[in-house]
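These are the structures in question, set out in turn.
Okay, so chain A shows up in both of these, paired with chain B first and chain C after.
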Partner chain A sequence: MKEHVPDRQGIAFVALFILGNSIIYGLAWRAGRDLWLSFLVATGLSFPLILLYSRLHSLMHGQVFSEGMESLFGKWPSRIIALLYSGYAWRLGSYVVSDVTNFIQAVSLRDTPQFATALGFVLLVLWAVKEGAETLARWSSVMIVVVGFVLVFTLLLATGQVDLDEFLPVMYDGFGPVLLGALQIMDFPFLETILVVGSIGALSRQKASYTVFLTGFVLAAFFLMLVASFSLAVLGTEKYTTSYYPIFMATARIDVAEFLTRLELVVGVIFALGGFLKMAVCLLAACKGLAHTLGFSDYRFLATPLVLSVIPGARWLVKSSMEIERSATKVFGISDVLFQVVLPICLWIVAEIRISRHSED
Partner chain B sequence: MAILVILGFALVGTVELVLSPRRPWKEVAAYLVLLAVAAAFSVMVTLNPDLPVPQPLGLLFDWLKEIWQGGL
Partner chain C sequence: MSFWKRWKEKKAAGKQREHLSTSLESNIRWLRSNLLADDATIVYRLLRTKGPRPRDCALVYANNMAKHDFLSEHVVAPLMSSAPPKELHGQGLLDYFMQEAISSDSMDTSSSYKELAEAVVRGTGVVLVDGCGIGLMVDAQGFEKRSVSEPQSETVVRGPRQGFTEDLGVNVSLVRRKITSPNLKMKYLYVGEQTRTKTAVMYLESVAKPDLVDEVIQRIEQIEMDGILESGYIEELIKDSPRSPFPTIGHTERPDTVAGKILEGRVAVLVDGTPFALTMPYLLVEAFQANEDYYRHWVLASFHRLVRYISFFLTTSTPGLYLALVSHHPQLLPMNLAISIAAARKNVPFPAMVEVVIMGLVFEILREGGVRLPRSVGQAISIVGAIVLGDAAVGASLVSAPMIIVVGLTGVAGFVVSQFNDVAVVVRLGLVVLAGLLGFYGFLLGGMGLMLHLASIKSFGVPYLSSLTSLSVQGSQDTLLRSPWWKMQMRPRHIGAKNRQRVQSPSRSRRS
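So, the complex of A and B:
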């Protein structure tokens, strides 16, 4: 079944996917007070790769995922690639489930078992995956407005707490920490966008892939930079780099005339919304990839076992909050380099060669 | 707990199969195999929460850690 996603909804889809579960973590903490520079460097370094993802997506234009993969890479190679990315997407989905359930347990539902919160999310994700990318994109186009408005409103309320001196002196420790911070953000969440290529379906026109991916990416990068810089300016470098959820702590300090307080809950809601979309996109990509590997054109019937298995998957892959924080703020993991950088570059080269050969014939 | 997990998966499988009776047999077979794998995996994690995670790229990771002491 072909899916059509309008450009505006596609942009919201990409932006919300990147914002997803990353907003609450201390992104680029290795850069310390220079984290804003890390964001700029990471955006610059990620841009060519996002462009490459857009190109891969545009080459599959007008075809469903399995047709597109087969025409680009041939029958069996495309099935192996789809299986590898399906595993990667499932793993990432499990991590997101773990992120969300750990966060909820840490900040509010202390005595509720993580299994219960995970089940609630997973059932919703199951429905979303069965509905497909069109429904998710439509949902994203509504939610991105809510998320954007709430974030800007919260940041405006907290301007009184911001201390811009926290950013000075610039690059006191040299360029090394800035680069490490940039690599942290590239690994999570910028280059995880590769999974959107396999899940979003057809856009209105072939060139729209570039508009959707690049605009969504820049929008999300800007928002993340704003939120991280704000957290650092409110908390100070020391607290930002040592706390698990800095934005949560920063918004907790907002107090407007002792009337408007406890705004950290708003951040929690944004995290839950973004986390839901990210889980759904990961599992959508996993289902589509596995269906193609097994030779089925429809993926929906595989959704239930794959989606339900992320609950034990989350428990299996992550044992504690410390492990989650470490995985969210590490400097490029080996598997991430493979799936986000090496494989996409190889796939792009192969696809271009095959397409030029076809056009010559 | 493990029995409860198996019963849960069996219930979900039965309900889904009853709700879509015209599904081709290949899809039904793939669905059942995958559901069984998911159930087995859930039971394994339930019985042993410290089940080790395989590291297929572990050797490469160790080698990189050796040459780059900055930490990954």
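So, the complex of A and C:
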């Protein structure tokens, strides 16, 4: 089935994916008060890799995912790659599910079992996966407006609480922590964008991949930097680095004449929206990958078992929110380096060689 | 001899099944005994012309469907006083009657029994002439019609007071008078095996996409149904996403609305027998647009449009949000409000969820009762609703007072977006159930699911959310707000794709 995503909707899709579940965490906490520098470094370092992802996506332009993979890498190699990535996508999807359910249990529904919230989200994700990337992109283009508006509004309201002195002195501990923070952000969430390559369908034209991926990435990076810096400036370095959900705590402090209070709820909304999209994209990629491995052209019949298996998966991978906090903000795990950096570079080199050979023939 | 006669008749009857014979007597006998048998309303008026060789004729028409005085004055009288020349017969004779006797502006001929019989029951006068194998159909339709008046379902403060009637001809002319351009094209289709309902497909040739027009015509032609009594039949049979409660085909009673939609590149379908015209494709934003938006100052129109969006949010979400706050997150409410709600709910025996569902149901019952009852009894309903169910229920501590406010707000807000009034009930119920189960996050899940559903449906190939998702200034001019006319130089993206320029020389229309 051919899907078609307009450019602007694609940008919204990528941006919302990156914002996704990451917005509530204390990103780059290792950098402490220099986290804005970490963001700049991470953006700079990730940019070539995102460019590489968009190159990979654009090479598959005009083809269904499985056809594109097969023409680039051959039948069996492409199936193995797809299997590996679909495992990675499934694992990430499970993490996001546990992120969301842990968050909801921690901040509001204390007595509701996590299974219930997980089931609610996962059923919705199942529906979204069956609808496909085109619908999801349209969905995110509406939601990105909501998210953007709400974020800007909240940040403006909080300017009274911001203490810019929190950022000083710059680089007191040297460049080491900045780099560590940058690596944290690259691992999660910047380079997880690789999964969008496998989930989003055809864009309007071949060059559109660059516009969509790079613009979406820069937009999301900018917003994340804004949100993280704001949380740090409101909470102070100490609280930022030790709390589970810094932005949640920071917005809870907003109080405009007792009229606009409890804005942390808004953060919950954004987190749920982004988390949902991220789950859906991960599982879409997982379904498409697995379908390709098994040699089916349509992935939809795989959706139900694969998506539902995320609930036990989340339970299996993550035991408590303390654990997820640690794993979400770690510095580049081995598997992440493999799937986000090593494999994409190898794939890109192989693809370029094969394409230049093909054009010589 | 009798055997011979019977054999001849039988042979003739076999031949005659489709086409007229030259014998007037046998034609009438055939109509009486077969196609128009057992129909007391059919009148057979036999008459004879003057002249050197008088001819026998018959006028067949359906009583009360055709205009009597017109037929007597312009068909019967001239025929009886005409004197056809001796040598004329067959087609020549018919031409003589058409050209020199019958004074009607609209006539047609046919030799098929079926066509003639269908014409008779539609209200046409059919003239049969002895010695002629062809029948003459004189357009004389005339029956009681409602006059053009302001539609009750869509009233305006400022705007034309015209509404469609039940007559297709009148309706088509009402639209035509708005767009007097040869570019306005029309195609008639007959739908329904028994009713043969006349249906007009209207579009602007220079703007509407040809494949859209073809698609509409093709879908209507594929309808297999015995009867089409209202445009709702066609709507349900040809709409996209038929399982979705959201309408993907619009309906209106106003010619100005139809003309506006046609000018944007949409296709309109008018159906005989109903004042409701269909327009397609139909997008989500259209439910929030009113024709009056375009007749008033754009600032006020934009404000009222925002009010409509907010009302839709309130009517679908108020009970769900109230339920989530009261039963799952009372800590989110300001202290004073939380206390007063708790105080009001203290003596109520039911959980909030039960309260919400029961009061919602009561409101729907009152509304349905108010719509179906005769006007004079309708007042009783509102008294019962307001005093007995509202005041007394609170007094008896069966329902809390805040709940009455919630239901009241929900109900009133629902009428603001009338096109989605029915949809809102379904959405509301879903959100109430989800909010009852998972609190605010259940409500959020419902909202996301709703948006996902809206993102997945299309209307005639155009995404339902189109122009809300465009994320560009030009594309979203007529969505949440209405831009001033001098800014809206482009037609909507997907619909007016063939000719997007609304105003050909924008510089002239722009005011400095």
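Note that the second predicted complex is superposed on the first by the 361 of 361 C-alpha atoms of A that agree within 3 Å, B and C clash if a C-alpha of one lies under 4 Å from a C-alpha of the other, contacts with A are read in each partner's own complex, and residues count from 1 in each chain.
Throughout what follows, contacts are C-beta pairs under 8 Å (C-beta built on N, C-alpha and C of every residue); 3 or more make two chains touch, one makes a residue touch a chain.
Quick caveat, the model's predicted, so the values are computed rather than measured.
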Joint occupancy of chain A by chain B and chain C, clash or fit: fit
Partner chain in contact with A:A272 - chain B first, chain C second, else both or neither: second
Chain B versus chain C as contact partner of A:T135, first or second or both or neither: second
First (chain B), second (chain C), both or neither touched by A:I334: first
Partner chain(s) touched by A:P113 [first = chain B, second = chain C, both, neither]: neither
Which of chain B and chain C A:P312 touches, first, second, both or neither: first
Touching partner for A:T304 - first (chain B), second (chain C), both, neither: first
Contacts of A:G44 with chain B and chain C, given as first, second, both or neither: neither
First (chain B), second (chain C), both or neither touched by A:L294: first
Following superposition on chain A: angle at chain A, chain B versus chain C, Cα, nearest 10°: 90
Partner touching more residues of chain A, whether chain B or chain C: C
Closest approach of chain C to chain B (Cα atoms, Å): 15
In the complex, chain C residues that touch chain A: 328-329, 332, 334, 434, 437-442, 444-445, 448-449, 451-452, 455-456, 463, 465, 468-472
Residues of chain A defined as touching chain B within the complex: 180, 294, 296, 298, 301-302, 304-306, 308-309, 311-313, 315-317, 319, 330-335, 338
Residues on chain A engaged by chain C in the complex (per definition of touch): 8-9, 12, 104, 108-109, 112, 116-117, 120-121, 124, 127-128, 131, 135-136, 138-139, 141-145, 258, 261-262, 265, 268-269, 272-273, 276
Chain A partner contacts - residues on chain B that touch it in the complex: 9, 12-13, 16, 20, 23, 26-27, 30-31, 34-35, 37-38, 41-42, 44-46, 49-51, 53, 57, 60-61, 64, 70-72
